[in-house]
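Next up, some structures in structure tokens.
Shared chain: chain A. Partners: chain B in the first complex, chain C in the second.
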Partner chain A sequence: MATQSDALGRSQFLERVRKAQARSRLSFRIWFALTWIVLVGGLVFALWITGNIDLSFINEWGPYVLGGAGLTILLCVTSIVFATILAIFGAIARLSGNPIINGVASLYVSLVRGTPLIVQIVFIYLALPQLDIRIPAIPAGIMALSFNYGAYMTEIFRAGIQAVPSGQREAAQALGMPEHLVMRRVVLPQAVRIVIPAIGNDFVAMIKDSALVSVIAVQELLWRAQNVGRQNFRTLEALLIAALVYWILTIVFSFFQERLEHRMARGDR
Partner chain B sequence: MTDRSERLPDLGPRPGPAGSGRDDDLPQHVGDVIVRTEGLEKYFGDHRVLAGIDLEVRQREAVMIIGRSGSGKTTLLRCINFLEEPSIGAVEVDGVRVDADPLKARSRRHQEQIRQIRIRAGMLFQDFNLFPHMSVLANCIEAPTRVLGVSRDEAVTRAERYLEVVGLSEKRDEYPARLSGGQKQRVAIARALSMEPKVLLFDEPTSALDPELIGEVLNVMEGLAHAGTTMIVVTHEMHFAEEAADRVVFMEGGVIVEQGPPEQLLREPQHEATMRFLRRFIHR
Partner chain C sequence: MNTWRRFVTVPIAAIVLAACQGSAAEITNVVCVGEATTYLDWLNGDLEPDEPDPIAEADEAGDLLETIRERGTIIVSTDPNYAPQSFLQPDGTFVGFDIDVATEIANRLGVDIQFETPDWDLITAGNWGERWDISVGSMTITTPRKEILSFTQPYYFTPAALAASEQSGVTSVDDLSFELPEGAEATTLPTDANCAEAIQAGREEFDLWVSAGPTIDEAIGSDIPIVKVSDSIYVENLAVAIDKSGPEHAALLYEIDRIIGEMHEDGTLTDLSEEWFDGEDLTQAPGE
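Let's look at the complex of A and B:
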């Protein structure tokens, strides 16, 4: 009898603990959301109360600035593809036993990582014409972003290739595969899986860095915002719109990237 | 066991004709020499892991290599297909002879010769090393189509035949992640057989398996041995060695101490080192 009531008491106690934990999790979420709402709401209210925010300008030019988001995404998607291709070759070269190939690749990585992205962008668009190499603004922007991110991603891919278990390479070699097949059919497909979350991460970072190509008059988000802002003396509103769009874009892509990462983490080994 | 061996492909008649010039004490069914190592030595830095190994393995012979860890048995196996580059000596597999030459290890000619040896010698690993991004069938047809240039249809036929040999036909479209350890090793055996190699090299194929999964892999290997597959097996499974081996080789300190038919080597070892090693297994 006594043990039974003890057991009952214990299960009731455990149930109470469980409920208390659930309550505390819920209240954390509520307070977290409230904090955001209050802070963002306060910021909006503070701006509105100055009386300096011109809503009709936002109405009139908002869609035009927003239109730049399409070009921003196009720039980033194209650049991440080229950067990935560059990075694969870069990584293979960085792991090569051939001193010339290895040297070329590490010079590329060192050069790109050692100079500011904005210098690379301006160099391709404004300096190369002096050597009679003329590249239109959008391709120049894509080139600069691809070149820059390709170098950073070279190191990511190198780590990814090295993360593939050495037994995989040995098994492929033992089946008589020549080196290029070992890499292409066995090591790379597994390395790509390992680095996909990191590529997603870089893509989100690139969305923000792509604003830099506004300096060579690529009519993306920031360029449009600055342009109409200056013309109408409404830089505050224009930049607010641009910043908001960048923010939303990164939130959306981060969401997808996190889900992708989650799926990859579940793995298929 | 017996019912499995009936499903095995005919890998050659068991009591083979005796080759000319053979020693008289060789078992009747073995044929010509398929694998030969000559004075094989391997150094890791200053440490000599292999101290001159002369080994001959004949067609349809099942040779088991035993010895404590660190005796060099795994290194010997890995030197045969150059997953480790031997320091001194030579390896010959099915007529392809490669001299150890660490100085020219990266040369194109040397690499191509090594590849020719690897095509002729299938390798099984402790931890299977199936390709996780490919289905079971894709694992088995990858090398035959891309290395040997076998047509896809022919490769699929082969793969299905050998998957049946290891008893896993119904798993052909699964991915390795969905297989048990024992099943993975059996697929790895089918993958190796799909290259139709002259010899199979097993590197402790059951060491990474849960005890209850070891039997299914040993059964397949025993079936292959009885069907006349040439194999060299590094193993700690003494019962298996006794059942399936034509010859047992005992290694210690990087040399072959003693070798002979299993009943002789395992029951009446001649050397003190062999006796000491086997004593640990008697009471198992």
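Let's look at the complex of A and C:
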């Protein structure tokens, strides 16, 4: 009798704990959302009461500035593809036993990681013509972004390749697979799975870094915002639009990136 | 308690002091100008206005003109922020006096037009790398520029003007405690409109701005808190430029020069000037 009521008490107790936990989770979420709403609302309200926000400007020029987002995304998608290709070769070379190949890749990584991205962008666009290498603005921007991210991603890919258990490679070798096939068929597919979330992460970072390409007159988001703001003497509104678009873009892509990461992690179990 | 007080009062005192200095200071001798402009040369005392070299007829074969005709498009560099000469529209196209002049040149060449928007200092530095064919960007002909660029005859003339921020209280050159340009110190921003933008933003690094008269009028028309202090410091010859380091372009230069002469004669340039510069005809050479 006593044990029965004890068991009942325990399950009731556990039920209550669960409910309390759910309530506390719910209240956390509500307060969290409220904090955001209050902060963002307060900011919007503060800007509003200054009376310095010109809504007609936003109406008139908003679509043009927004149009730059397309070019920003195009720049980033193209660059991330090239960067990934560069990074795959870079990582294989960085792991190579051949001192020359390894040296070339290490120099690339060191050079790119040791210089600011903006210097690389301006160099490709402005300095190379002096050597008779003339690249139009948009391809120059894509080159600089791919080159830069390729170097950072080389290190990520190298870690990814090294994270593939050595037993995999040994097993393939034991089956008599030639070295290049071991890499292509066994190691790389597994490494890519490991690094895909990191590529997504870099893509989100690149959306923000791509704003630097505005210095070589590529008419992406920031270029448009700056020029439109300057021309109409409405810099605050113009930069607010640009900042908001970058923010939304990073939120959207981060969301996809997180889902991708989840999927990848599930496959691993 | 003592340390606490020191930590609070010292920064506050510093801020108050700095604020007092800011408001009580007399007008600084810093003048804002666009990068690589003749206004900067003028302030530095090395402005050398010049005339275009004589232009002779040339063979079109192998000339940039032939390339442009084959391409069917002329690529023109322009500043996206130089109202009323050249500025953006909400649909992403450009309008303005320079834009209309360039479009008319393209029409008379029988080709389409495409605009590029490199920074001004890139255009004046030459070495365009064949990214654009010509500059129709209100460029003053100067001796140093003539070493790297070929110029046509001027298509119009603008007075350089001096503006002061309203809060400086300057209304005439006599209010300045220094001589212009000798006593002035130049500070440059990427393009002329940046100076107006900085004054509007309440920056106090400078109170004075030298730019083209129409550009300053435009800023005043956009409610920038500035006043025009001097109307005509000097007058500039503004012409179409072509990069000397680029391909052979004698025939193109001759053809564009001829078209500009034609546009002067048939009144096209006068009409465009009156349209964009509040009824003013800036296409007549001063003193003529």
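Quick note on the criterion: the second predicted complex is superposed on the first by the 267 of 269 C-alpha atoms of A that agree within 3 Å, B and C clash if a C-alpha of one lies under 4 Å from a C-alpha of the other, contacts with A are read in each partner's own complex, and residues count from 1 in each chain.
One rule holds for everything that comes next: a residue touches a chain if its C-beta (ideal position, glycine included) is under 8 Å from a C-beta of that chain, and two chains touch if they have at least 3 such contacts.
Fair warning: this is a prediction, and the values are worked out from it, not measured in the lab.
When both complexes are overlaid on chain A, chain B and chain C end up sitting side by side without clashing. Look at A:78: by the touch rule set out above, it reaches neither chain B nor chain C.
When both complexes are overlaid on chain A, the residue A:102 reaches neither chain B nor chain C.
In the superposed pair of complexes, A:136 makes contact with chain C only, with no contact to chain B. In the superposed model, A:193 lies in contact with chain B only, and not with chain C.
Using the contact criterion defined above for the overlaid structures, shared-chain residue A:250 touches neither chain B nor chain C, since it reaches no partner. Shared-chain residue A:176: touches chain B; no touch with chain C. In the superposition on chain A, A:67 makes contact with chain C only, while chain B stays out of contact range.
After superposing the two complexes on chain A, the closest approach between C-alpha atoms of chain B and chain C comes to 48 Å. On the side of chain A, the complex with chain B involves touching residues 97, 165, 167-168, 170-179, 181, 185-186, 189-190, 193, 267-269. The touching residues of chain C, when paired with chain A in their complex, are 80-81, 83, 87-88, 90-92, 116-119, 122, 127, 129-131, 191, 193-194, 196-197, 200-201, 219, 222-224. Residue ranges on chain B touching chain A, taken from their complex, read 81, 83, 106, 111, 115-116, 118-119, 121-123, 125, 127, 129-133, 142-143, 146-148, 175-177, 191-192, 195. On the chain A side of its complex with chain C, the touching residues are 60-61, 63-64, 67, 126, 129-130, 134, 136-137, 217, 219, 227-228, 230-233, 235.
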